[in-house]
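Per-chain residue numbering starts at 1, and chain names A, B, C, D, E and F are given in the order in which the chains are listed.
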Amino acid sequence: MQFQFDDFASFLAMNGHGPYVWFSYGVTIAVLVALVLVPLLRQRKMREQFQRQIRQEEARRRAGAERNAKSAAVAAE
Amino acid sequence: MFRTEFTLAVRRRSDIVNPLLFFVTVLALMPLGIGPEPEMLSRMAAGLIWVMALLATLLSQESLFRGDYEDGSLEQLALQSQPLYYPVLAKVLVHWLVTGVPLAVLSPLLGMMLNLGQGGYWPLLMSLALGTASLSLIGAVGAALTVALRRPGLLLALIIMPLYVPVLIFGTGTVQAALDGYSYGPQLAILGAILAAAAALAPLAAAGAIRISLEN
Amino acid sequence: MSWQWFHRMGSPRWFYQKSSVWLPWLGAAGLILLTVGCIWGLGFAPQDAKQGNSYRIMYIHVPAAFLALAGYYIMAICGAIGLIWKMKLSFVVMRAAAPIGAALTFISLVTGAVWGKPTWGTYWVWDARITSMLILFFLYLGVMALSGAFSREQSGDKASALLALVGTVNIPIIYKSVDWWFTLHQPATLKLTQASTIDPSMFYPLITMIAGFYLFYAWVLTLHTRTLILQREWRTQWVRELLEQPVPAAKS
Amino acid sequence: MCGRSLAVRGLACERDGRVLFEGLEFTLAPGTAVQVEGANGAGKSTLIRTLIGSVSDYSGTIAWRGQAYPRGLAAMRSSLLYIGHNAGVRRGLTPLENLAWYGAGRKEALRALDEVGLYGFEDVLCQQLSAGQNRRVALARLYLPAPPPLWVLDEPLAALDVVGVASLEAQMNRHLQRGGCVLLTSHQPVNVAPLLRVNLADFGPHFTAQELYCVR
Amino acid sequence: MCGRSLAVRGLACERDGRVLFEGLEFTLAPGTAVQVEGANGAGKSTLIRTLIGSVSDYSGTIAWRGQAYPRGLAAMRSSLLYIGHNAGVRRGLTPLENLAWYGAGRKEALRALDEVGLYGFEDVLCQQLSAGQNRRVALARLYLPAPPPLWVLDEPLAALDVVGVASLEAQMNRHLQRGGCVLLTSHQPVNVAPLLRVNLADFGPHFTAQELYCVR
Amino acid sequence: MFRTEFTLAVRRRSDIVNPLLFFVTVLALMPLGIGPEPEMLSRMAAGLIWVMALLATLLSQESLFRGDYEDGSLEQLALQSQPLYYPVLAKVLVHWLVTGVPLAVLSPLLGMMLNLGQGGYWPLLMSLALGTASLSLIGAVGAALTVALRRPGLLLALIIMPLYVPVLIFGTGTVQAALDGYSYGPQLAILGAILAAAAALAPLAAAGAIRISLEN
């Protein structure tokens, strides 16, 4: 087994078929990388979203408790 | 059951007339788009007619279960203890009677307009009559799957179109064979076989899909 | 008793925890094989007598085409399992498999088209295999679109599983009919060469690439599944605990 | 007539990750009515759809005549008459045809329509009727002879006028005296006896949006 | 605030050749509410749609601030807030987006949603909300700051729970005190003051289906 | 307003993707119907693409006002005192952005698959981009006319198709001129003129049609 091309330039050119071959490999690699990145990015976004949600829930819980206390006080009067 | 469905279909007459008119107008537009050369038209006539018949069936299918879903009668049907197979079959049958059959009957006229070669008319009519029944059956599965969606529109087309391919191929194959002077019996037989398989399986799948949609 | 493992396997949590162990290995193995296969195929495999160097596209085209088809069956089988045994996890896997399969179909379509230009002088012909591949692509898109169209996830799961099943019944029929259609028309100009007598020096890198694609597929499927699991179960305690940990800096 | 009828034990439902109710327990005995109560969005409709087997993601047991779901489902279905939010009235049919679709003979259907105050409207298309009249078409099913023993009605009083409400209550009481049973939801008080009232708020989870941010 | 407001003189409507009401007269003065009453199918919704100018086949005069229709129509429209049977809630949007579509700012919209008890549901798609919650989204428009003076509400209490009804009544009373006016239909008694009740039966034709075959 | 429409359109992403997918799938089916011979395909490519673009626009248009009509927000819009022109224009613009533009962008790819001659790609894209805008505008009139019908489906197609003819003729004319080596500037200019006229008149007509539909 040996390298089939004389130099790097001819490896790129591939006897004139270079553009086809490299385009194919490029598209393939891009799609494969996207397949890996998409779930990873989505996980990260979910993490952020989730932490924001927890903070919001906390705030709501507090606001609701306050309001309940206030209406209870009004009812007591 | 069949009676009620039929009443309903006839009452909204537009459901019968519309696919037909759609079929005719699009086919009339075609020469405007692709140029009026007779010999070219005649080579494509069978294909165009078949594709448009397919589209007309497909588009009229969206409303197959929709009305019943929205007014709650589909749920009532699903609550009954007998299987959903027969109601679905009845609905499909009516659909075919009010779209497929008129379409097939009208097709020779359109074939004439598009310069379809002599001897192609009869196979065209036969293949359309058989084929649209399969199309109605297959399409019912898609209609049932999308009935709970608010705007299924073209999603239905996307789902169902690939499944229509065999019918389309053998349908045009029938006409082509006849035009080329071969016997078109085998193709028609295959269309018949597809129809038999679809009649057995499609209502089952559609019934399952209806139950899924109702749970939404 | 003997069914216990089965039900445990159906639990998304079990899968998530187990898969985090073998995930890195799967990824590493897949990427190594792919890298080796690419270099081998691009640089070291001999030039084809008839097609010159353009045939090197085969090393991605053929594995992608294989997996595109296999992926559909994987997806449909998962859907069937979900419908029959009401297994949550298998629906998740099905949903994860759809975009991956579609992406691989896309790769095989694009690479095939690009390969066609130097070989046949045109990007696209309506050949049986190509046409049925295109239809497979539509089937994938249909499953994806349907599963996303429902506001309730469970309904989307079941509906798209049913569609995938209907599709599996149809794939052989579609393939056969398209094949028949193609032979009816017989465009005499082009033909896929029968390269069954492929030289071993060309064949080994192909095998490597196919194995690499399979491993990569398994890896990415697991990744997607895990993400979907988190997305679905984010209200449960274990996911909460998991997600509350700060985002790891470099890689997750 | 209802045998051991419908028993609900430890039922819990969640939607979108929010628990609607949990630990719900009640028994619907023959000759009694159960009114499900709760604020808007408490989960009444969800509960009803669970009980008739249209929704299958719940935990806990539901049993019909001692047989737990899903085994008891078929038996329950065969003795069920359900009228939901969507009344199951086909708007392209007349009231008479609608009842015929549910299997009623012409004479009984005319009787029933007369009883719900639709005399003179039998042959008008339902899409031309008012909101309340459409509701009445659906309710006419309760007036057909030999109705199924289990009535499940989701807000049957909505859109009905005062006279209509009184008439419906009378009919439900008649049904209870016959030994039938009725499960219904309503935001208005319902005048039937014996009536068991189940308030979903009593089975709410520890912490719901409803409880916390209560309506003023 | 309503100026001389809405005056109806000798109004008559017929549908399908059947006279619904004739000689109808009433005035909706600023600071008062009018409740239109009548049996199902009496023509309440038809009357309301006539008054807001959506239906134009009537006889008699309707005048807004002394200007008879159709000249007064534009002025009436610009001070109208109408909520019909169809609540005007877009099911593909969230409650917040729905209010934004009616021109509400984010903060006011949040306030209003909070007031109708939808706190926590601002960002859920309306198609996932219950029947009563959807109604509440529509009603939230009444809680926006500076509402138009003329409220026309077709069965606003339908599907609302008890707390919701009380809250709505309070809001209507507040509006009346501000000098606004309210025209509504309802089959339940409505607790607002000052209230003028207009019963369509009093303006019925000599001989209607309602009168003749009265509901039992 | 434009913003909300856009949100709505993007939220139901399917509305964007579906016409596109429909376009692609039907064009992929075409060769299956009429045979794969490259030289024949290449002669029809422009016409087929244009006809299918026309169909995709047409079919996606059915839902243009439907959702708003059904949930009552169209009525709310019509009650507002400002003219309906702008809301309609906003809706059409969004429709074009989510269907016409993607369709035009994708057309060269399909041209390639159908063997469209060299030099036809750019004119095809340009003519489609201009032409689909006119199609959206013209189609809006039909959509408004049929919105009150329960199942407009293909009736819409029928009403609108004849109006589409000039656009279709000049659209394919553009591509054909380019392929035949002539300058295609004049045809594009005519398409532009049609667009300008449609933009001025069609929303007015659609607004009128909406008012008519609402009275039903």
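FYI, a residue touches a chain if its C-beta (ideal position, glycine included) is under 8 Å from a C-beta of that chain, and two chains touch if they have at least 3 such contacts.
This one's a predicted model, so the numbers in the text were calculated from it and none came from an experiment.
With steps allowed only between chains in touch, the distance from chain A over to chain B comes to 2.
Set against the C-alpha centre of chain C, every other chain centre is closer than that of E.
With centres set at the average Cα position, the gap from chain B to chain F is 24 Å.
Centre-to-centre separation between chain B and chain C, using Cα means, comes to 32 Å. Work out the mean CA point of chain A and of chain C, and you get 20 Å between them. Taking the mean of the C-alpha atoms as each chain's centre, chain B and chain E sit 46 Å apart. The set of chain C residues that touch two or more partner chains comprises 135, 138, 141, 145, 149, 151, 154, 178, 181. Of all residues in chain E, those touching 2 or more other chains are 85, 91-92, 119-120, 127-128, listed in ascending order. Residues of chain B in contact with at least two other chains: 12, 67, 150, 155, 158, 161-162, 165, 169, 176, 215. Residues 141, 145-146, 148-149, 152, 155, 158-159, 161-163, 165-166, 169-170, 173, 176, 194, 201, 205, 208-209, 212-213, 215-216 of chain B are the ones that touch chain C when the two sit in their complex.
Interface of chain D with chain E (complex): residues 15-16, 38-41, 45, 85, 114-117, 119-121, 124, 128-133, 135-136, 155, 158-165, 167, 187-188, 209-210, 212-216. Within the complex formed with chain B, the chain C residues making contact are 135, 138-139, 141-142, 145-146, 149-152, 154-155, 158-159, 162-163, 165-167, 169-170, 173-174, 176-178, 180-181, 184. Put simply, chain F touches chain E in their complex at residues 4, 7-8, 11-12, 67-68, 70-73, 75-76, 78-81, 214-215.
Looking at the complex, you find that chain C touches chain E at residues 151.
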